[in-house]
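In what comes next, subunit A is part of two complexes: it sits with subunit B in the first one and with subunit C in the second one.
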Partner chain A sequence: MNLITLSSPHHTQSTGVNKVMLQVLMALVPGIVALCLFFSPIYLFNLLIGCSTALAVEALILRLRRCPVAFHLRDLSALVTAVLLVISMPPLIPWWITVLAVSCALLLGKHLYGGLGFNPFNPAMVAFALMIVSFPVPMTTLWLAPNSGLDFASALQIVLGQTLLPDGISSATPLDYYKTQVGRLTATEIYQSELFFGIWPAGWIWVSLAYLVGGLFLLYKKVFSWHAPLGLLVGLAVLALIFGLDPDSNTPLHLHLLAGSAIVGAFFIVTDPVSGATSRLGKFIFGFGVGCLAYVIRTWGSYPDAIAFAVLLMNFAAPFIDHYSKPRTYGHSTRHQGYK
Partner chain B sequence: MNAFSPAPNTQVWPLIGGVEPKENKQQSNGLSIGYLPLPPFLVLPVNQHIGVAAEPLVAVGDQVLKGQLIASSSGKISACLHAPTSGKVVAIEPRPVPHASGLDSLAIIIEPDQQDQWREQEPWPNWQQRSSEELLARLSESGIVGLGGAGFPTASKLSIDQQIHTLVVNGTECEPYITADDLIMRERAAQILAGVAIMAKLLQVKQVLIGIEDNKPEAIAAMRAALEHYQGPEAVIKTFPTKYPSGGEKQLIWILTGQEVPSGRLPADLGMVCVNVGTAAAVQQCIVDDHPLISRITTLTGQVLAQPRNYELLIGTPIVWLLAQLGVTQAERIIMGGPMMGEPLANPQSPVVKTCNCLLLPTQQELPLPPSASPCIRCGFCDDVCPASLLPQQLYYHARSRNLEGLAQQHLFDCIECGACAYVCPSSIPLVQYYRYGKGEIRQEQQQQAKSERAKVRFENRQARLAQESAEKEAKRKARAEAAAKAQAAKAAGDNSAIDQVIKAAQAKSAAAAATKAEGPDLEALKSAVEQAKNKLMMAEERLAKAEQEMPENAAAFRTARDKFAEKLAKAEANWQKAQQETKT
Partner chain C sequence: MIDYLLILVGTILVNNFVLVQFLGLCPFMGVSNKLETAMGMSLATTFVLTLSSVCSYLVFEYILIPLDLPWLRTISFILVIAVVVQFTEMVVRKTSPLLYKVLGIFLPLITTNCAVLGVALLNINKDHGFVASLVYGFGAALGFSLVMVLFSAMRERINVADAPRVFQGSALGMITAGLAALAFMGFTGLVQA
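Take a look at the complex of A and B:
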């Protein structure tokens, strides 16, 4: 009898990174469906471009790094990055910006640091920030108003750069619109805009709710714990409540939570394990920080939506948070904190 | 317990972290404990416990009886070994043993004579009348070790000097597949409680806490029923939800008492001792029946076996023979223990040892081999399940980069190697392997350090000794030099004054004496001698005073000189007066 001797445990919950990533992708489906329904199915084309770029670039880099290509491609992390990036960008964004963004995410955001697991920053957010800094106009103006009536073929032509953008098609996001108008108009006047449906951000509310469904599914599946998402929502909500009580002078709470990328950020971005904090307390602090910073940048900064910058800033702080949020080990009377 | 006693406190504290792997217990807990015929030979390693190996007492060719002591414990933490059946010692040589190192170790091999004849036994049905010393003496001869898997000699555990108030009895059996303790509790609850009473008496405890996971209702019922007839300090059965690793000693103490064993300390520091239910039953057998530890209950399970079941096996039964009895001739893996913490068996020729609570023979479908590891994605699943609240991925990170300082800082040594983290890791990283490696490296480093520390101390001692020797030499040399200098100074002082004058005085004296002899006492001469002596004395006094101020170390010489002048003056005066009287007469 020749026996196999492997060290314990001999039993594993055979999850696999790809299973986790697959669940994340599945959880994004409702959000993507909502985007297609309420804005434009062009998102599907963008996703196609983004995902193929991701696979190609990832394979190429793995090849160059002399890593087993198929083994690493199977973890699906590149696809998750690409999808997150595409759904964060405006729908009418030129195809080459999508290609560039996804390539930057994988190259500069991930493999430059040693690949999956070693990147200090969220790759999708690195690329998003790079794009918004490099191409501020397309990245902020190519949004669509909900139910704009733009059909897939014309959208495709715009994305492929074959037609110029017809006037009156693109629009700002409700969050951006509210921010720019709030000084001049009262809240009731702002809500008259076609971007709103009652006091709710038309279209966006369904997208946010769809993301929420996906996020709760992941929570239920224990893909992540509730700490980081709740941290973000609490951070954003607390500041929005303190400063935004008067809807005539500041963006109100429900728009902060539902009109922008707060929900997708809470459930799909700050939950990125690699670049976040690790302990439960740390995750909450990390999320809370993102929420606060997002509010600050949205309100007093020049970018309408700020989850990406907030996440990147908190990524910087993650190792620090980790050092000060370690749990108390069994049998120790105090928590160990700090670097030494 | 009577009907009026207050309801026992059955509060439990929830396990921190933990996982819920598939239990897989129903395969083996359906049948009662089974028995097998005597094997053709028995292999008895002399070290089946934590501590020093036992010392063989028999020689090849000796005839031994069942229960006869064949190797005695040596040292404080050690356990005896007994012949599991009567027969002949056919060899004492290194044999493969179930140990992680995979190395052979010394074993006594007995060929049974099929008589199964007991040595003389002295049962103590009324053990309550025996003194603690007697009980402990019998226990330390019993060869009992912790049967839950750790193998710590029970007598050593029970003979600590610390004050113990609580005896924790571990019937948790949280590892999947294993049902040995379950069956013992079902079938031998009364024995367990008698053993508990014996240990409670030895330790003088105030209470007994019995912890059982709620997935063993039959065992709990049996123990509850047996508790009716139990006599001893207050005993409470606490049940709690099934979660791995509730049965870890530290975890169980937390669950039952809400207290944590301080890092690096033992439960005894909290006034607690923790024993396994199987151990308790063995203690009863040893004390009451004079039946040393020669067999144990082992779960034989896994889909490779046609009928998983618990068996009472003689210690030393060769595993390969055992499996053949059950119709198994081929296996891919044999795990000694459960799927979470069990050790893989390298050689099926190894025997069943005292710590072998389970032999698991899984098929590939049942427990697939882990896929190759992918990078850690810092998902934190491992943090959530660690029962010690460690950060397993940080430990992994430090172990990978061999950062021993970081490992110690992250409390690596509080890791109980339960494997919960590796169980949930989506990247299939063999985390526990890294921690074992890290612990090994740190221990080695510490040994190395201790060694070099000792060498350093030795070197420093030698340096200090040499330095002291040379300092002493130097001091002696200085002292000699000083003495010489003093003598020199004294001589110098004497040359110029004292000695010179002594000579002169002597001359004066002899001159005076001559004068007296020649023409009778020359009064004038004698008188001037007195004057001279007076002058000299005065000068000597002056010099002494000066010397006392300026060079006190040489004053002694001047004092001697002064005394001499004073003497001479007295003599001169005496001579003068004598001469005066002579002239008068």
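Take a look at the complex of A and C:
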């Protein structure tokens, strides 16, 4: 009798980098649609600039390193970096900052370390942090209020630098606004601002929910496990519950989760398989650390939406976390951990 | 009490001696290739930093001030640090010959670690008392150890990365340290120094 013997793994799936990246891009579509609907369709133009820069820079470096250009461009990872970067930056950002940010992300964050799979820091967050440190004014003041009524043509002129920003168009983000006003006004007074719809951050909440839909789709498709996102949300929520119980003195929980980049961070940033931790426990600790650090920096630091810095800090700690969160080896009873 | 806690948070995170004030970079780049050596170095430096911070405070307050010789502080602190390092070297040699061998030249080099002298001098500049000097030195050492250990774990990973040849080794280490410093800028404004 002739039996076919196959070696493990027996479960096969036709998955590859480009399929995963395509799914991530698809999952970002609802969020981008929400951004365009509630803020401005100028995001599409920014995406166009970001993506073309990404492809050009990526092709240039691949050529310099004598790698097969078309093969690596088709894995779409550069596009994912560019899209994540553009949607986390303000809509009215000048076009050259977008170009600079995407180039920094790919050069400094990714290719200096050897390209896809070797980057210790999340490239998009490296570039975001670099931009907010280098150009703090455009990166914090060029946000739009929801439904501001700014049409595409005038937004385009602002982005291209042809006209100056008219007064009263840009606004603070809800997190920034709440943080700066919370000492002087009560919570009820803050909620009367046009940035809020009742107690909810108008516009921003739909964007967050759209990201959540995309993220849950990726979770359902098993692109990533639930550990890191849950870690982030739990870390942020626990601290926000402890310190934010009184909305008159600190930003409350629902704003922390829904008004900033917490959702996009939880489902699209900390789930990066390269720069994060590896084991399940490690992923949870990684996400939890990002959540806690983000809360600390948001509340007591000077950056109102601190996901980028929190992610970078935990990226820095990720190899160490990996070292101490090795899972039990199959067939061995005790965990063998780190430092002998 | 809350003051000491703020000093601790300030020195560990906000004004981290290595990544924000850029002091003590030589051991940070030199001994961070392996996690185990980095841990040994961190322990030795923690011991030296805390002890020398307190000792130099005592020397300044009870010898230099009564003799009215405050301008001799730099040279006398160097002397104090050298003594403390020599003492640590003897302790490490007797207690852990292996660690002594692994640390090699870097143990006596703690003498020239600018973070150690920096802490001693900053203590005087900031008018720290005895306990504050102790906490400041200990916090500086904890901050140094934290980034040292994390950085060495990261370097073990990037040393095997398929980086362009010109960037391999120390070059990539310095770029990584720069990006880590960028990450630590996120703590700006956490504690008003």
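Assume the second predicted complex is superposed on the first by the 326 of 340 C-alpha atoms of A that agree within 3 Å, B and C clash if a C-alpha of one lies under 4 Å from a C-alpha of the other, contacts with A are read in each partner's own complex, and residues count from 1 in each chain.
We adopt the following convention: a residue touches a chain if its C-beta (ideal position, glycine included) is under 8 Å from a C-beta of that chain, and two chains touch if they have at least 3 such contacts.
This one's a predicted model, so the numbers in the text were calculated from it and none came from an experiment.
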Exercise for review: Considering only the touch criterion stated at the top, classify A:316 as touching first (subunit B), second (subunit C), both, or neither.
Suggested key: second
Exercise for review: Identify the partner contact of A:63: answer first if only subunit B is touched, second if only subunit C is, both if each is, neither if none is.
Suggested key: neither
Point to revise | First, second, both or neither for A:118, with subunit B first and subunit C second | key: both
Practice item. Have a look at where A:129 lands relative to subunit B and subunit C in the superposition and call it first, second, both or neither. Key: second
Review point. Is A:296 in contact with subunit B, with subunit C, with both, or with neither (first, second, both, neither)?
Key: second
Check your understanding: Once the shared chain is lined up, is A:306 touching subunit B (first), subunit C (second), both, or neither of them?
Key -> second
**Study point:** Contact residues common to both interfaces of subunit A (with subunit B and with subunit C)
**Key:** 115, 118, 322, 340
Study note, to complete from the structure: The answer for subunit C against subunit A in the complex is residues 35-36, 39, 149-151, 153-154, 156-158, 161-164, 167, 172, 175-176, 179-180, 182-191
**Study point:** In the complex with subunit C, residue positions of subunit A that touch it
**Key:** 65, 108-109, 111-115, 118, 120-121, 126, 129-130, 133, 293, 296-297, 300-303, 306, 308-310, 312-313, 315-320, 322-323, 338-340
Review point. Which of the residues in subunit A end up touching subunit B in this complex?
Key: 1, 3-17, 19-20, 71-72, 75, 77, 115-118, 222, 224-225, 273-274, 276, 278-280, 283, 322, 326-333, 336, 340
Review point. Which of the residues in subunit B end up touching subunit A in this complex?
Key: 16, 19, 21, 102, 176, 250, 254, 260-265, 320, 329-335, 337, 339-348, 360, 362, 367-372, 374-381, 383-384, 387-391, 393-394, 409, 411, 414, 417, 419, 422-428, 430, 432-433, 436
